[in-house]
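Presented below are the structures under discussion, each in the form of structure tokens.
Two complexes come next, and they have one chain in common, chain A, joined by chain B in the first and chain C in the second.
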Partner chain A sequence: MKKRVLIVDDSPLIHSLLRKTLLKYGYEVCGDAKNGREGVEMFRQLMPDTVFMDINMPVMDGLEAVKNIKQICEELNVKARIIMLSAIGDDEVTVKARNLGVFIFLKKPFDDYTIISAMSMTE
Partner chain B sequence: MSTGVQLYEPFISSVKKIFKDMANMDVVFKGAFGSESDEIASYGVTSVITYTGKIKGSFLINLEPGLALAVAQNVNGIYYDSVKDSMVLATISEMNNIIAGNAISTLNNIYSLGLWLAPPYVFTGRDAIICIPKIPSASIDCQTIYGKLKVNVAFERSGEVSGC
Partner chain C sequence: MSDTYYSIKKDEDKKGNEIPSFFVSNAVKNVIFTMTGLEVIETKVPDAADVDFISHISGVVLITGSINAMFSLTVAKPMAYLLVSSMTGILPQNLREEELYDGITELVNMISGETRAQMSGRGLHFSTLPPFAIIGDKHFVLHKNKVANLVKKFLVGDKDIYFKVYFL
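Moving on to the complex of A and B:
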């Protein structure tokens, strides 16, 4: 069964590039959200296996969205791997993300190899 | 440069790296950063992003239309015939975000500036006058095989900054 992935990012370019890579390597993109709040709502509806999450987004940022998703996972006793994908990746931010439960932190820009390596680590 | 050349260097490195990694383009910098007037004339496609933290400022990239189209084509692997195509604008906007994000991450790690980015904006229009807020800024002209580019960095100190 294909792994289901939710992409949460305010950039149409990132959605397009990630989608291309994931589909090419046999993953299913089950949802596209353009901010953290949409991402949390879609997570609850779709229950993906993996979430690609940007940090800097309007309405709700990625760190706040991760907190919310982790709460949903606890409530419903489900597991989801969150891969943070951000242009901002200083030490303080990466530590904050890890402490919130982000599985892997990747810095933009990315290539196919980076994305697929990260996905294989979630399995 | 009173704000410190060290603050500009991460942006130069980031422009070079991101244009190469994402668009497979070599950017040649013509000279060094020089003080910019309050107004910049757009070459055709311009993206601006602002940041705040212990210092505030903005980062701007100003591209000729041919260069913007080539960047979008190289990044997406698709031909575009207009800079007004939404994916062309999204590409330039996100590249600006990534360039600035990489640069401020470096600055945060070295100087603990706590810098954070606002969402970028992008617009098209040749010779549109972009008015830079009244904070010191510097520009550097760049060249690629697809056209020219200007990079502008502005910084305003907002308080206690040491070491830079």
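Moving on to the complex of A and C:
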């Protein structure tokens, strides 16, 4: 069965780049959210296997969204791999993300290989 | 002043809070090359008076913290088409205007992130606000009465990219 992926990013361009790469390598993109709050809501509805999450977004940032998603996972006893994909990549933020339970932290800019390598690590 | 810093107006009170010029250069070149595959060459900045007259789209991002500054990445439309088309694989004639703006905005966001990571190694930390775009032929960006403190010019082929830092 295809792995289902939710993309949370405020840039439509990043959505289309990720979608293109993921589809090319046999993954299913089950949802596109444009901020953290939308991402949390869509996660609850769609229960994807993996989430690509940006940090710097309006309404709710990615770190806050990860906290919420992790709570949902605990409440419902489900697992989801969260891949952080952000332009921000300094130690302070990556440590914070890791402590929140982010599976892999990827830094923008990125290429197909980085995305697919990260996806393969979630399997 | 050290050769590693390029500053049009150096504010002595802010000594130590400047961003090394080569951090910015590396960030611009690395981000654009990784996202587009295009080779970026840094070139001499012309007289300040010429700097603001090639613009059509500026991607802008504000940073706050150890350093308060505004970064802008300014390009003319043909360069925007080249960059975003190379990023997305969409033919230039099929790109929508919003995609151009979003693409340039995303590039400046990544450049600020790259710079932020390099600065954190020097104990300087800052937050980044969501980026935005300024659009219009021959527009220019000012902070109060200040022009940019740090101006960098890059070439992709024969087309220009300007990257500017305004210390706020």
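By definition in this document, the second predicted complex is superposed on the first by the 123 of 123 C-alpha atoms of A that agree within 3 Å, B and C clash if a C-alpha of one lies under 4 Å from a C-alpha of the other, contacts with A are read in each partner's own complex, and residues count from 1 in each chain.
Here is the rule we go by: a residue touches a chain if its C-beta (ideal position, glycine included) is under 8 Å from a C-beta of that chain, and two chains touch if they have at least 3 such contacts.
Predicted model, so just to flag it, every value in this text is computed and none were measured.
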Combined model on chain A: chain C and chain B, fit or clash: clash
First, second, both or neither for A:M42, with chain B first and chain C second: neither
Touching partner for A:D91 - first (chain B), second (chain C), both, neither: both
Which of chain B and chain C A:A33 touches, first, second, both or neither: neither
Contacts of A:D10 with chain B and chain C, given as first, second, both or neither: both
First (chain B), second (chain C), both or neither touched by A:L63: neither
Footprint overlap on chain A, comparing chain B with chain C: 10-14, 16-17, 56-58, 86-92, 107-109, 111
Interface residues, chain A side, partner chain C - complex: 10-14, 16-17, 20, 56-58, 86-92, 107-111
Residues on chain A engaged by chain B in the complex (per definition of touch): 10-14, 16-17, 56-58, 86-93, 107-109, 111
Residues of chain B defined as touching chain A within the complex: 18, 21-22, 75-76, 86-87, 90-91, 93-94, 97-98, 100-102, 104-106, 108-109, 114, 116-117, 119
Residue ranges of chain C in contact with chain A within the complex: 30-31, 34-35, 84, 87-89, 98-99, 102-103, 105-106, 109-114, 116-117, 119-121, 125, 128-130
